[in-house]
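Labels run A, B, C and D following the written order; every chain starts at residue 1.
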Amino acid sequence: MKIGIYLCTCEGEIEKVIDIDSLVKEASGWSGITDVHKDAFLCSEDGIRKIRKDVESSGLERVLIAACSPFFKMEEFSDLGLNKYLVERVNIREQCSRAHRNDPENATKKTKAMLRIFLEKAKYSQPLQPLQLPSLRSALVIGGGVAGINASIDIAETGNEVFLIEKNPFLGGKVAGFHKYFPRMCPPSCGLELMFSKIKSNPNVHVLTSSEIDTISGSPCNFEIFIKTSPRHIDMDKCVLCGKCLEVCPHNAIVYPEGFSYPCIPAINKGLCAVDCNKCVAVCPVDAIDLDEEGKATNIKVGAIVLATGWEPFDPTPLAEFGYGRLENVVTNIEFEKISKEKKISFEEPKKVAFIQCVGSRDERHLPYCSDVCCMVSIKQALFLKEVNPDNEVYIFYNDIRTPGEYEELYQKARRRGTIFIKGIPSELKQDEPQKINFSVFDTVAGKRLDITTDMVVLATGIKPSQGTIDLKEKIGIVLNKNNFVESHIQCYPQDTQRNAVFSAGCCRAPMDVSRSIESAGAAAIKTLQFFNNCTEITPDNPAVNILKCDVCKRCIEECPFKAYSFDEKGFPKSDIMKCRRCGVCMGGCPLAAISLGGLSIEQLSVMLDVFDRSYLGEDEPLILGFLCKNDAYRAVDDAALKGITYPPNFFGIMVPCAGAVNGAIIAKAISTGIDGVLIAGCPDNQCHYIHGSTLAKARLTDISNKLKEMYLEPERVRFISIGRDDPEKFADSIEEYVEELKKMGRNPLRL
Amino acid sequence: MRYAFYLGCATPVKALKYEISTRNLAKILGIELVDIPEFSCCGFPVKSMDSFAALLMAARNLAIAEEKGMDIIGVCTGCMAILSEAKEYLEDEKLRDKVNEKLKAIGAKEYTGRVKVKHFARFLYEDYRLDRIRDKIVTPLASLEFGIHYGCHYMKPTHAHGHFDDPSNPFTIDGLINITGAKTINYPNKNLCCGLTIMGTAEDISFRLAAEKLEYLSSRGVDAMVVACPSCCIAYENNQKLVGKRVGKEFNLPVLYFTQVIGLAMGLSEKDLGFEFNRIKADKITEKFK
Amino acid sequence: MPPYVVKDKCDGCKGKEEPLCEQICIGDLMTLDMNTGKAYCRSLRDCWDCMSCTKICPKGAIEQRIPYQLGYHGAKLIPMMGTDSITWTCVDINGKVERFTYRTRNKK
Amino acid sequence: MYNEFFDREKLKYCYQCGKCSSGCDINRIDVSFQPHRLLHLISIGAADNLMEDAGLWKCTTCFTCSERCPQGIKVTEILWIARTIAVKAGHIPELLITQKDILLRTGRLIPMDNKKRGKAGLTAIQEESSVVARIFEIVEKEK
């Protein structure tokens, strides 16, 4: 095998500490080395050109770049005329010359040991070819509320096919029933009508109402979805919307559309029908009703899925002290929308109305979160009351009024129009005389108790995740958070769920108002388009199962954070290249060490340990082998070098994608071949990029530590630490501490 | 049906009619209430002095019932709340171990958490069940109307009591009284506290609390107030004259225990129900059903 | 001396069907208790002390004492499996500890 | 000892909505008694005066505040603990001294009157005098 080693002096910086020339001399003598080259500026155009020329002329099969951290100059070293998986980066700048700047002798020794093991690793690397796996350019949008409709329009108008499914007979969701939207106070019909006309005119959108997901199979880029559609019992083409069926139906079974609904055709809820009633069939002038119509099953294929399963209003009945359902004129804010829209109660005669905020929200026993919209909703409704008649007396009882950003303007407006805001929540509502509600409240600002009698109390109930979201949890395999909203990396990738090619829009992710729902729908649509474009080329480094070793214990299937594993045709586990996120948690957990990641196999780690010079610092110096998680710990170690923090050269770090990727057999081999301490450094608690990688790593280390105890070895020889990427000090301190401890423990008795 | 009968401190001295009527009612319902002489104070008064001592006292009583192999039925809502709360605290194993260690030191048995604690009214509603009581009614009390005072500790704290009744809109004792044919009213200050616990420290507030309910029920003209706790009865009956004097009114509202009302409907005699000990005579009621 | 499963450590191999010890046992003695989800040896006297289950257990949950013919009561033999190595720890009846590391024929 | 009961962590959850005071009947009669204020003062560590405050002894422990607290804070329980702290600091109401005395003497809050019971046809009950005394002894020793 022809191997070239390129040592960079980083314009003399590395050479200031490390004796590069002696290393060049030494390495030239190693077997299989074709060329060892020293360069002052390897990442320069000249440097790259030199490597490319060598690869071409001498036919190098592996290239070792001993220079800076692999997180620098990724672009420059990615195309050397050699498959990029055959190029090995050895981080001698951050981990040797900078980290041990005060100890040149040992830094050189460590560099040599490092070169030796990464050389061995390179010998066992495999070339990998990127896969071409174009996605179907079609998406499924689940939920026909304002978020789902907007996501569909955005995806369709960029030329992709969209299937929009909705479990109710009409699109529009909850907002269709509202009186007005804030902050501009326009009626929902206005916005929805425009959206419906866009849907109608766009051939890319396929709307399936009265439909629900039956099953989902396949994987990202190519999902296969079975949809169940319940019968509408009314022929969409024939119906002329005369309304006669509605008039004759004795059972309230006709679901009649509002003026702007889509599709604007009634539906019959056969569950409410009486057998052999048939009154509607008889009266229909165009013969559009077919009560025997059966449900349909549809089968579609899509590349990506957008969840827009929305929300449900919180039911305040469990808060019995507010007497909802027991006292007259105690209504929820949703009911108040209806009252104001349909003018069921006239507010032209001045009335006294009290709003109670945070009913159910910010309540440990019900909705522990802030429902985001209720403050604005109550302010909107207060403004409505003041608009109908300025003499309406409006009270808002609140914990904290939350009107972020420009919504503050409406809050100010409500105050100026004479809404009375009182900080204090009433504890019990009573009805001393009919139609009146009286209660007493402690005004915590005034330090006084107020006794109040009103004509109506509106409970500002909050937003709770819809049952639809929960039902889909198993079908799609999405992860929900403790409140049953869709879990996501809320800061950086809010629209991504924890499954590839499944995105979320609107209230299924968190409580939000109409404008933010539409925003998030746009973001989800963009993510979908990005996915369509990006997945034409897929990195092939997903884990592979060695079926000669695999015993089908199914641990990988259980532990995979992304549920990427299923059985192949031979009955062995296989990771789905599209669902997998390359964390290696399966590789770390396999009891038979049968799983290897594309760029870092068990075999490579094993041979690295074979050639590792255990006494590179001398016989009595303890040796720590560290596995550093890519997202946090490795960055922190790089950061230490940058900030000039030093640590003992006894530590030796290898990058792994996640702390959970380190297999127990590797640790066992390390300990049993004389390494004094094994350290796994992962993300701080609950910040693991792969959900439970560091938790699993901790549990596995505990098992090994127990085993060491049984073997009468010190259980502290293996250890887990959490390092944030911005916490290099903690890293350096723990290494120093660990070296001291190991010195006290003495040499690993298994070292030969 | 054998149960450890937890009388508490107030009932056997201050509420003899409650004890007599409960024992006789239990007899005709076929419930055996076993007296346990070892029971001590539940710990309620100690809770203001030392929480751990209070917990130990409650745990000791629970351990005694457990040793005898019987669940506890009590008549004082305060005692039941304290024992139920202690049960909830002692679900924590660490605390339980610690308490058991101390129990051992005073020569009591270990508490493991098996024993159940129920107020007699809750027991009748939940376990004995209304239909079985209905079968035993001989003289329906159709013409009577009562205002029920539950007593705060009867169902609160709800987590300790297992959420068996709704504190904002209680219904269990109403159910028991309605089964006798008598009417019960829903009134605005139904959930008001009797105030007895602060009689010694804030007498004025205590009396004003009691007065509010007495005033309302008197004005509504109910036949009597029905209670389920000796303390509440002391606040409303024993103190009725004092309370009246404080607010410048004269009350004459009979206060009955729920056991007396149910017993009356089951044909028990006035003597068996301890009516002689009623300070505000309920002759109007008893005469009707002689 | 038959294998002893440490209940706290055993996780039933998560798959809930056939744990690794059941697959590896040549005598078909190890199996899963469906009620507890933990492995156990269903016929203690048939065990040959081959220690396959001890070696393969990913949680280190199976303990084995050396049969009396070899080391008398109290003596212990603990294996630790690396990728291509095994380390045996022997503890004899006097508490003397010896360790041996061997290469195995496992592919790396 | 009270630390085991005193859910200090939970206390920090209070966001001063005032629902406890709104529903408190004592507050209705005597506005100086404000549970939400008590929680606030304890949580910011300014409760020194409170321990001397007679307001502490106005609560009937009716649990309404605990039931309705949206943050699930056991307000009554906290008040009870505050009382024990006040007692330790020596602010003991007359009544409590008497009650403790009777408890230590008889094991009951109200001394038994077996003569009265006999007249009513009820069996006599013996006082378990030593139990409470022993419990207090053990708890004192612990300190």
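Quick note on the criterion: a residue touches a chain if its C-beta (ideal position, glycine included) is under 8 Å from a C-beta of that chain, and two chains touch if they have at least 3 such contacts.
Note that the structure is a prediction, hence the values are computed from the model and not measured.
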item	value
Two chains sharing the most contacts, counting C-beta pairs only	B-D
Rounded Å distance, subunit A centre to subunit C centre (Cα mean)	40
Geometric centre distance via CA averages, subunit C-subunit B, whole Å	61
Distance between the centres, which are taken as Cα means, of subunit D and subunit B, whole angstrom	20
Inter-centroid spacing, subunit D versus subunit A (mean Cα positions, whole Å)	48
Shared interface positions of subunit C, touching two or more other chains	none
Of all residues in subunit B, the ones touching two or more other chains	167, 191
Residue numbers of subunit D (touch at least two other chains)	64
All touching chain pairs, where touch follows the definition stated at the start	A-B, A-C, A-D, B-D
Residues of subunit C defined as touching subunit A within the complex	9, 13-15, 17-20, 23-24, 56-60, 63, 76, 78, 80-87, 89, 91, 97, 99, 101, 107-108
Subunit C contact footprint on subunit A (complex, rising order)	548-549, 551, 553-555, 557-559, 589, 591-593, 602-603, 605-607, 663-666, 668-673, 703-704, 706-707, 710-712, 749-750
Subunit D-touching residues of subunit B, taken from the complex the two chains share	7, 9-10, 12-14, 16, 19-20, 35, 37-41, 44-53, 56-57, 60, 89, 95, 102, 105-106, 152-153, 156-158, 167, 191-198, 200-202, 205-206, 208-209, 274, 277
List of subunit D residues in touch with subunit B within their complex	1-2, 4-5, 25-26, 29-30, 54, 57-64, 66-67, 74, 76, 80-81, 83-84, 87, 93-96, 99-100, 103, 107-113, 116-117, 120-123, 125-126, 128, 131-132, 134-136, 138-139, 142
Touching residues (chain side subunit B, partner subunit A) in the complex	166-169, 188, 191
